[in-house]
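Got a structure for you, written out below as C-alpha cells; questions coming shortly.
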Amino acid sequence: MSSPDTATLLIHCPDRPGLVHDVTGFIFAHRGNIIDLQQHIDPTLDAFFMRLEWSLENFTLEKDEIASRLQPLARRHDMQLRLHFASQKKRVALFVTKENHCLYDLLARHEAGDLPVEIPLIVANHDTLRPAAERFGIPFYHFPITKDNKQEQEAAQIELLKKERVDTVVLARYMQIISPAMIAAFPNQILNIHHSFLPAFVGAKPYHQAHARGVKIIGATSHYVTADLDEGPIVHQDVMRVSHEDSVQDLVRLGRDLEKTVLAKALWWHVRDQVLVYQNKTVVFE
Amino acid sequence: MSSPDTATLLIHCPDRPGLVHDVTGFIFAHRGNIIDLQQHIDPTLDAFFMRLEWSLENFTLEKDEIASRLQPLARRHDMQLRLHFASQKKRVALFVTKENHCLYDLLARHEAGDLPVEIPLIVANHDTLRPAAERFGIPFYHFPITKDNKQEQEAAQIELLKKERVDTVVLARYMQIISPAMIAAFPNQILNIHHSFLPAFVGAKPYHQAHARGVKIIGATSHYVTADLDEGPIVHQDVMRVSHEDSVQDLVRLGRDLEKTVLAKALWWHVRDQVLVYQNKTVVFE
Amino acid sequence: MSSPDTATLLIHCPDRPGLVHDVTGFIFAHRGNIIDLQQHIDPTLDAFFMRLEWSLENFTLEKDEIASRLQPLARRHDMQLRLHFASQKKRVALFVTKENHCLYDLLARHEAGDLPVEIPLIVANHDTLRPAAERFGIPFYHFPITKDNKQEQEAAQIELLKKERVDTVVLARYMQIISPAMIAAFPNQILNIHHSFLPAFVGAKPYHQAHARGVKIIGATSHYVTADLDEGPIVHQDVMRVSHEDSVQDLVRLGRDLEKTVLAKALWWHVRDQVLVYQNKTVVFE
Amino acid sequence: MSSPDTATLLIHCPDRPGLVHDVTGFIFAHRGNIIDLQQHIDPTLDAFFMRLEWSLENFTLEKDEIASRLQPLARRHDMQLRLHFASQKKRVALFVTKENHCLYDLLARHEAGDLPVEIPLIVANHDTLRPAAERFGIPFYHFPITKDNKQEQEAAQIELLKKERVDTVVLARYMQIISPAMIAAFPNQILNIHHSFLPAFVGAKPYHQAHARGVKIIGATSHYVTADLDEGPIVHQDVMRVSHEDSVQDLVRLGRDLEKTVLAKALWWHVRDQVLVYQNKTVVFE
C-alpha cells in the first residue's frame, strides 16, 4: 500500500466521564490524526465501546511501542484493548464442502482487490472444489472426515492453520460442526454463514424448515462460532422475499445470493476490525 | 361504486389436465370477461389453486344463481370453491388494547378510500382508545377481561360480532389470547399482527427476545389465528434493519411502522379475496 | 420529562488534529457526561462534522451560558455551531392539501408519544382536512391560494408561523410550490416529502412518470426545501418493489406507505438534531 | 435433462373474451399438462399478455409441428407468439471490459448448474479478463476498440456471434456503447447492467453523480439495449442503502454486489422466457 499505514484501536470498558477525551488525548499528544471515531454506550450495562482509527503518517510512536504505551490508559479505565494495523493483513482460511458460491464470491472479491486479506489456504472435507481452488492458485487441503477420524483430522487442521499463521477462519458453507478445540483456538475468529434468519430455523436443512412453515421471507445470518450450535454472536443478516410459488429447491437457489453477500459483508467488517463482541452480541462500527 | 361489479372465484382441487380450460369455459359461456386469472400448482401435493376475477357487466347469470350453476364443475373436479362479489364489502371488527398505531393506520386508510371494507365496530379490552374510535365515529365496545370473566366476555363478543354480521376480525395489537370458541366461529378470518419475524420469537415480548439475541433485523408477521399460538398460516411479513445502537425501546418504537404496514397489507389481500389457506400455509395471489 | 435534560451540539469546521479532544475537554471540564458522540470527516473537503449529546445532570454551566462559553473553542477552530436542548421541543407546523395519510400518521405518532414536538397548527390550501385537524384538537388555518393572492397569502402564513414561534415546517403532501420568502425565513427547516426516488422523476405527477418509464421500484424522498424545486438536500429515501401489474393508481396507493414513513423518519432525525446540512447534502447522525 | 421437456408460449394480443379458454383448449386437445400459466391485462391498452408452460410428456404433437399448428389460433386473435423449449438452452455471449465481478458471478452460477444456458464465448474490448475466461475453459475473444476501428470490430463481433449461434448477449460491465447494427441483429436480446437506479443518473459515472447529489440509496438496473442510451425496457432493479460516510469509491465497491445480483436475476428470467417486451416496458412473469 502506498497510502500511509493506519492504526485501529478497539476499546471496551466501564462507562465513565472523560473516556473519549482521555483516549483522543493520547493520539493528539503523539501527533496522530484521527480518521474515524465511533463510540457506543450501552446504558443498561454501563458499558463503553469505541473504535478509533488514526493515521500513522506523523505519529511520533513506533508501531511496536504503541501497545505498551497504551497500558497506563488501559489500566486507568479498566479497558480491554485490541490494536491492529491496516498494513498487517489478516490471514484467512476458507473452509468449504461442495457448494461453490461463497468460495467463488470471496475469491473474486479478493482478486478484484475488494477484500484486504491474504488467503493462504482452502480447507475442505470433500475434494469437489479442488479445481476451483487451483484455478485461483490457492493451496487446497482435503481432510475427509468420518465419525472415527474427526478428532484427529481437526487436530491436523488446527496444526496446519497455526503453521500458516491463520488468524481468521471462514466457514464458507462448510458442512461440519466445529469442535470445541478449534473454537478455543480461534475465539471470535471463526465466521460462519447460516442459511436462515437466525434464531429461526436453527440446525439442519433450514430452507426445508422455512418451506414447511410457509414463511414469506427467507434470510441468511453470519455469526461467530461458539460452543452452542448457531447461537454465536450475530455479525450480519439479510433477507429476501419469497412466495408460495417457490419450492424448497427455489429457496436453496435463491438463498445462495443471500449467503454469499451476507458472509462477504460480515468478513469485510471483521477484517477491518469493525466488530467487537460482548455478551454474545456484536457491536459493528459501520 | 359506479364501475360494474365483479365476481371472484377461489378454487382449490387436485391437479389434473384441463382445469383452466374447463373453468374459463364456464365464464366464457356466460359472457363474462376475465379481469384477472392466477393459478398455482403445488407439484409435491398435486394440488391446484386458482383465483379468477371477472366482470359481471355482460354476464348472463344472476349473482345469486352463480354458485349453484358452478356445482357440476365443482363436483367434476372435486373442487373447494369460494365465491365473492366486489360489491359485498367485508364487515371488519377491529380488536385493540392500548396502542394506537395500527388502529389509526387502518382508520386513516379507510377514510381515504384505500380499504374497501365496512368497519361497524371496535372491540377493546381497555378503555384507552375510546376517544380514537369516537373521533372516527365508530362504535366502541369495552370488554374488560379478567381470568374469571374471560369465557363469558368472549361469548358476549362472539354474539356481538354475529349480530353485527362481522365476517373478519382484525387483531390490531390486541393483547389477549383468542379462545377456541372464537377461532371456531371465524375460521381463517381472524387476522393477527405479531411483532416479530415468525417463527423467531414466538410468544410474549418478542422485541425483548430480539434484543437479547442481538439480531440485526427485526420483523413483523401477519397471520391467521389458529389454536396454536403464533403458529397460524402466515399471510405477510416484512423486516427492518436495526443495530447495536437500538435499545429495546427503540425496537418497540421502530417496529410499530412494520406492524401497521404489514397488517394493512395482509388485510388488503384478505378483503380482496386474494388469500387461500391450505395445510397451515397461504397462497397469496398478488 | 422526568429524565434529566440533555444538550446537543452540532459542529461543522475544517478538519485538523485535536478537534475531538478539544471539544470533549470542554464537556469534561464542566462535568458533562457524554451520551452520544458521532463524527464524520469528509476527506475530499477536509471538513469535520460532529454531533455530541451530553447529560446536563451534573453539568456546572447554566444552559443559557453554554453558548457564550463555547465561543473561544468555536473561534479557535473556525467552527459553525448549533446548540439544542432536549427539553426545548421544536414547534412544528404541518402544511397539507387534501391527502390525509401523512397528516394522520404524524398526528398518531404525536399522540402516542413517538414524536417529541409541539404541533401548534396545521396550515392548508384547501379546507378538506379541517375535520381531521379538529379531531386531534389542533388549530387549522385555511389559506386558499390562487395565482393572484399567492404572494400575500404566503406573507400571511409567514406572519402566522412567526407569531406561533414555529421553527420547523413540514410539507405533509402540500401541493404548492414554496416561495423564496418562506424558504429564506426557514432555511433548512422546511421538510418536504416528494413522491419519487429523487433525482428520478422531479416535478409533477412522479407516479405517472414512473409508470410510463416502466420502473420496477418506486420511491419517496424527504428533503429540505431550497430555491431549486426538488433539488434540496436529501434527508431520507426509501423504496418499494412494484411490477407490470401495478397501474398508476396502484402506485399512488402503494406509494402512500412510503411517503408517510419516509417523512416521519426524516422528521424524527430533524427534531432530534441529528441532521447537518452542507453543500446541498446532509450528514445524518443516526 | 432426465425430466421431460417443456414448451413455453409467450402471447401478446388485443384483449377479448375467451382468450385463455381458447389457448388452454389447444393444449388440452393435444394432452398437454399445464405447469404454469400467467396472464396480464393492461386495461389502458386493451392488451393481453400470457405465458404458458406445459409438459411435452404426453403431448400428441411433435415439437417441430407445434408452431404451425398454432397459426390458426394466432390469426384468429391477432396474436404475436413466441415458442420455446426448455431443452433448447440459450447460447449466451458475455461481453466484458476489465471488471470481474459480474463475469465471475455468472460463471460460478453456470458451473453450479444454476444458470440453464450455454456460454460459447466471452468477448472483451480489453485483454484483462482473459485469465478469468481461461480458468473456466471458455473461449475469449479480444476486440480492441478505437474510434477508428469501432465499426469494423463490431461487424466482426456480429459475424462471430452469428457463427457461434449466439441468441443472447449479456453486457456484463462492458464499457462500450453498442452500435445500431448490433442492436438490430439482437432485438431485445442484449441485456445490459447499468450501475444506477434508472432513470436517475443516466450515462457515465453514475456513482459519481449519485455521490454529488447526496442520495441515501444507490441502485442498479438491468435493461434491454435499444438505440436510446440507458432508455431501454427495464427488466430488473434493486437498491442498497448508503450514507454520508460512503465515498464515491465505497459506492463503486458496494454497488458491485447490486450489479451482479441484478444482472443475474434479469438473465435468469430472460433465459427462462419469462420476459415480454412491449412499448419499451417489460412484463416479467415471475
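Letters A, B, C and D name the chains as they come in the text, with residue numbers starting at 1 for each one.
One rule holds in what follows: a contact is a pair of C-beta atoms (placed from the backbone, for glycine too) under 8 Å apart; a residue touches a chain by one contact, two chains touch by 3 or more.
Each chain and its UniProt protein: A, B, C, D = Formyltetrahydrofolate deformylase.
None of the values given here were measured: they were computed from a predicted structure.
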### Message
Farthest chain from subunit C, going by mean C-alpha coordinates, please.
### Response
D
### Query
For subunit A and subunit B, what's the span in angstrom between their mean Cα positions?
42
### Query
What whole-number Å value describes the gap between the mean CA coordinates of subunit A and subunit C?
37
### Message
At least two partner chains per residue is the criterion; list those residues in subunit D.
### Response
245, 286
### Query
Are the chains arranged, by touching, as a line, ring, star, complete graph, or other?
complete
## Note on the structure
Within the complex, subunit C is touched by subunit B residues 99-101, 104-105, 107-109, 111-112, 114, 135-136, 245, 253, 256-257, 261, 264, 286
### Query
Taking the complex as given, what residues does subunit B use to touch subunit D?
17-18, 20-21, 24-25, 27-28, 31-39, 41, 241
### Task
State the interface residues of subunit C toward subunit D in the complex, per the touch definition above.
40, 42-44, 197-201, 213-217, 219, 233-239, 243-245, 247, 280-284, 286
